[in-house]
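Some structures are shown below for you to check.
Common to both upcoming complexes is chain A, partnered first by chain B, then by chain C.
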Partner chain A sequence: MKNNTESHDESAHGTHITSNKEHYSTLAALLLLTVLTVSISVFGANLRSLTVATAMLIATVKVIVVAYYFMHLKFEKKIYTWLVLLVIVLFLSFLILTSIEYLNR
Partner chain B sequence: MEHHSGLVLPNSGHNRDAEASKLGMWLFLFTEFLLFGGLFIVYMVYRMLNPEAFLTASYQLNVTLGAMNTVVLLVSSMTIAMSITAIQQGNSKRSIQLLVFTVAASLVFLVIKYFEWSAKIHHGLFPGMDVFNRLPHGEGLFFYLYFFMTGLHALHIIIGAIFIVVVIFRTKNGLLNADNYSHTENAGLYWHLVDMIWIYLFPLFYLIH
Partner chain C sequence: MAATTELNFFQVKKGLFSWIFSVDHKRVGLLYLYSIMAFFLVGVILGVLMRLELLNPGKDLMEAKTYNQVFTMHGVIMIFLFIIPSIPAVFGNFFLPIMLGTDDVAFPKLNLLSWWIYVVGALMALSTLLFGDGPADTGWTFYAPYSVRTGTNVTMSVLAAFVLGFANILTGLNFIVTIHRLRTPGMTFFKMPLFAWALYATSWIQLLATPIIGITLLMIVAERVLGVGLFDPSIGGDPILYQHLFWIYSHPAVYIMALPAFGIISELLPTFTHRTIFGYKAIAFSSLAIAFVGYFVWGHHMFTTGMSGAARIVFSIMTFLVAIPTAIKVFNWVATLYKGSIDVQPPLLYALGFIFQFMIGGLSGLVLGALASDVHLHDTYFVVGHFHYVMFGGTGFAFFGALHYWYPKIWGRMYNKTIANIAFVIFFIGFNTLYFPMLISGLMGMPRRYYDYLPEFHLPNMISTYGSWILATGLVLMLGNLIAGFFGPKPEIGRNYWGGITLEWQTLSPPPLQNFDKMPEIPKGGPYDFENNY
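Now for the complex of A and B:
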C-alpha cells in the first residue's frame, strides 16, 4: 500500500489502486474459506442444519470479501455501500416475509 | 493533461463520465442480484417443503467438480481485478494478458460444467427424461432448480466472457488506457457478480448434505 508509484497514482487520479499483494491475500482468504466450507460439509455431514447455517455464513463472508476488495467497495464513495445495503434490506425483507408465511402455515 | 487538474468543465468535449458509468453498472448488478435472489427464495421454500428429497438428490452432484469450478472462478475474479490494477498503472499489455487468462478460466468453467451436465443427462436426470420422470416429486424439483439456476448462471458466464473479449479488443486498439478504463472496471464488476452468485450456488446445491 505504501508503494511509491501507487501513492503517486492516487494523488493524480483520486482513485485507489489495489496492489497485487492485496489481490493475492484476498484470493488466499477466499480459497481458505472454500476449503473450510467443503470440509465442514464432507466431514460434518451428520450435523445437518448446523452445516446449512455455517455454509450460508461462510458464503456470505466470501461474498463480502469479494465486494469489499475485488469490487473496490472499500475504496468507493459511501453511496455505493448504502445502495448495496438498501438492496440487501429489500431482499431480506422479502425473504423474511416469505419465511413468516411458511412458518405460520 | 487537463484530466489531472480535476477542473474539467461539463461541456469541455469529454462525452464520458466514468462515475456515472460505474453507478449504472452497479444499478444493473442490483437487478441481477434480485433476479437470482428470487430464485434462491424459490429454492428455500421448496427445500423447506421437501427436506429429505433435496438431501437425497444433492448426493447425485459431484462435489469435486463443483469445488474445482469454485476455485476457477475465484482465481479468475482475482486476475480480472489485477487487470484493472495493470491498466490503472498504464500497463495495457499486462492488463490484456490478465483478461485473456480470465476468459480462459471462463472456458475451463464451462468445460467442467459441460462434463457435469453430460453426466446428469447420461443418467436421464434432465427434466423430461425417463429417470427424471420416475423421480419422487421433491427430487424432481431439485433437478429443475439445479438445471435452471446453474444454466442461468452459465449464461451469465458466457455473457461476461464476451464482455471481457470486447474489453480486450478495445484495450488493444488503445481505446482503453490509464485515463479511461471504465469498461475494464465494469467488466470486472460483472465478472465478480457472476462469481458471487456461484459462491452461493455451490454450497446450496452441492454441499448441503
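Now for the complex of A and C:
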C-alpha cells in the first residue's frame, strides 16, 4: 500500500552519479575558503568592524557549497530548495528581529 | 498490503518486550500514552500541592524554596513530558498512518527510538529529585542569570529538556516524511483529514524550532560548568539574549502544543454534527499560517525585560497577526455546528469545552499581546490563568476528547457514557473554578510564582484551591471510568462506533497489525463528505 506514492516519487526523483572531479573540486573550494578565513583572521587584514561580517560571508558560501553539492540539493526536486530557503529566511528573521532589539536598546 | 488477519495488534505478540521493543506505530503510540499519563498524574499532584500551599496566606504546607522547586517540577513535567508530546506522540503516532491509509510511519525504528529517548529524558528530569540540592527552582523557563547561579540541579534539568527535544524532532521528522511519501493512492493533500494537516504544521515547528532550545540549554550548561560569559552580566553575558533564544523556540512550542488540539477538534465536530466541516481549506491553511507567523512573535514574552521600544512595538503588532488564522478556525468550527445534526456524546462535550475555554484563553492572550496592557499584567496570575486556559482548557480538553473519541477504536471496548458525561461536567466546573479566579487576582495585581500573598488576594486563591479539588475529582472519575471500560463486559463495537468517515473507521476495532484488513476507500468528496456518505 505504502509503495505506490513512494515508487511514484522515486521514479520522478531518478538517480544520479556525481563525478570524482566534482567532489574534489568542491573539497578544494571548501579548503580554499577555510584558508581564506584563517588568513584574514591571523594575518589581520585591516577590516575592522567588517571582520565578523567577512567571516560570516565566507561561512555562508561554504554552507551553500556543502548543501548544493555534498548534500545533493543540486539533484533534488525544486521543492527541497524552497524548503531550505524557507529555513534560511526563518533564521535570518530571528537574527534581524533580535538585532532590531539589540541595536535600539 | 498484508493478507487479511484475524489478529489485532494487541494479539500479535504478547509480553513486556514485545511492547517496549515494538516498532508498530500503534504500540509506540500506546507506550507514549501510558508514559505521558503517568507523568501527567505526577504533574497534577504537584499542582494540587501548590494550590494547597496557596489556600491561605503564609506557610501552609512547605517552605518557600520547596514551593519554588514544586512549581518548577510542575512546569517541566507538564510542558516537556505531557503537553508537548501528548497529542502528536499518542494520537498522531496511532492514527496518522491509519488516516493516510498506510501501514506504519516512514521510519518505524526512529519512532521507537523517540519513545526511548523520551523515557531517558523523563528519568533524567525525575533524577533531580534524588541528589544534591534537589530539583531546579528556576521555573520551567530556566531564566538566566538565576539559572546560572542557583545551587539546585539546573544542569541535569536542562540536559533532560535537551534530550527530550530529540524525541520531538524524531516524531516531527517521521510525520513529515510519512505525510509526503506514504499517503495511500488517491489520498491527495486536500483529501487528508484536518488532523493530518495539523500534525504536518506541528511537525515543521518541531523540526525547525526544537534545535534552538537545545543549543540554548547547552549554553546554560556551558555557563554553569565552564563559566563562559553568555548570559550572566557579572561575567559579561546578556540575560536578555537568553530570553530571546529561549522564546524563539518556546513561543512556537506553544503551537506544538495547540495545533494538534485544533486538529482533534476538526475531527470531532464533523462526526458529531454529521456534516461536512465548514471551510476545510481555510482550516488547513490556517494551521500552516499559525505555524509560520508563530515564529515571529516570541518578543511578547519579554515586553518588561528592558528590551528596546522599537522591538516591543514590532512584536506586539506581529502577535496580533496570529489571532487571525486562529479566529478563522474558531469561526469555521462554530459554523460547522450551525444547523448540524448534533449528537451530544462525551467527545463532543470535550470539543465544546475546548471552544469555550480556548476562547477565554485566546482573548486573554490578546490582552497580553497588547504592549500597553501587558506591561501591567506581565508576571501576574493573569498570565497563569491565560496559559492554563489555552494549554489545559484547550489542549488538555482536546487530548481527553480524543481519548474518549478513539477509545473504542484503540481498545475495541467502551466506557460508561453516562459516567463520562458526569465526569466531564465535574471536570469542566473544576477547571473554571480553578483558573478563572487567577485571571481576576492577576488583574488585581497578584504576582505569579510568589510563595506568599497579601490578604486581599485570599478569596480568589481560596476559590482556586477549591476548584483544584473539584477538577481532581472529575479527573479521577474520568480516568476511573476509562480504566473500568477495560475490565467490564465487552460490547459489540464494530468498525465505526461513532459514524465517522475518516479512514480509521473503515478498519477493525482494534486494528490489525497492518492497519487494514481490506483496501480502504477514500470518500470522493473529501474526508468529511457526510452528505454523500450517509
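Here is the rule we use: the second predicted complex is superposed on the first by the 88 of 105 C-alpha atoms of A that agree within 3 Å, B and C clash if a C-alpha of one lies under 4 Å from a C-alpha of the other, contacts with A are read in each partner's own complex, and residues count from 1 in each chain.
In the analysis below, a residue touches a chain if its C-beta (ideal position, glycine included) is under 8 Å from a C-beta of that chain, and two chains touch if they have at least 3 such contacts.
Values in this document were obtained by computation on a predicted structure and should not be read as measured data.
Asker: Thinking of the overlay built on chain A, is A:T98 touched by chain B (first), by chain C (second), by both, or by neither?
Answerer: both
Asker: Check the contacts made with chain A and report whether chain B or chain C touches more of its residues.
Answerer: Between chain B and chain C, the winner on chain A residue contacts is B.
Asker: Which partner does A:V66 contact after superposing on A: first (chain B), second (chain C), both, neither?
Answerer: A:V66: touches chain B, not chain C.
Asker: Based on the superposed arrangement, let me know which partner A:V87 touches: chain B (first), chain C (second), both, or neither?
Answerer: A:V87 sits against chain B and chain C alike.
Asker: Where on chain A do the contacts from chain B and from chain C line up?
Answerer: Residues 5, 9, 87, 90, 94, 98, 102, which sit in both footprints.
Asker: Quick one: in the complex, what on chain B touches chain A?
Answerer: 4, 6, 23, 26-27, 30, 33-34, 37-38, 41, 44-45, 48, 63, 67, 70-71, 74-75, 77-78, 81-82, 84-85, 88-89, 188-189, 192, 195-196, 199-200, 202-204, 206-209
Asker: Considering only the defined contacts, which chain A positions touch chain B in the complex?
Answerer: Result: residues 5, 9, 12-15, 17-20, 23-24, 26-27, 30-31, 34, 37-38, 41-42, 45, 51-52, 55-56, 58-59, 62-63, 66-67, 69-71, 79-80, 83-84, 87, 90-91, 94-95, 98-99, 102 of chain A touch chain B.
Asker: Residues of chain C touching chain A in their complex?
Answerer: My answer: residues 1, 101-104, 180-185, 208, 212, 240-241, 244, 248, 295-296, 299, 306-311, 314-315, 516, 519.
Asker: Tell me, which parts of chain A touch chain C in their complex?
Answerer: 1-2, 4-6, 9, 87, 90, 93-94, 97-98, 100-105
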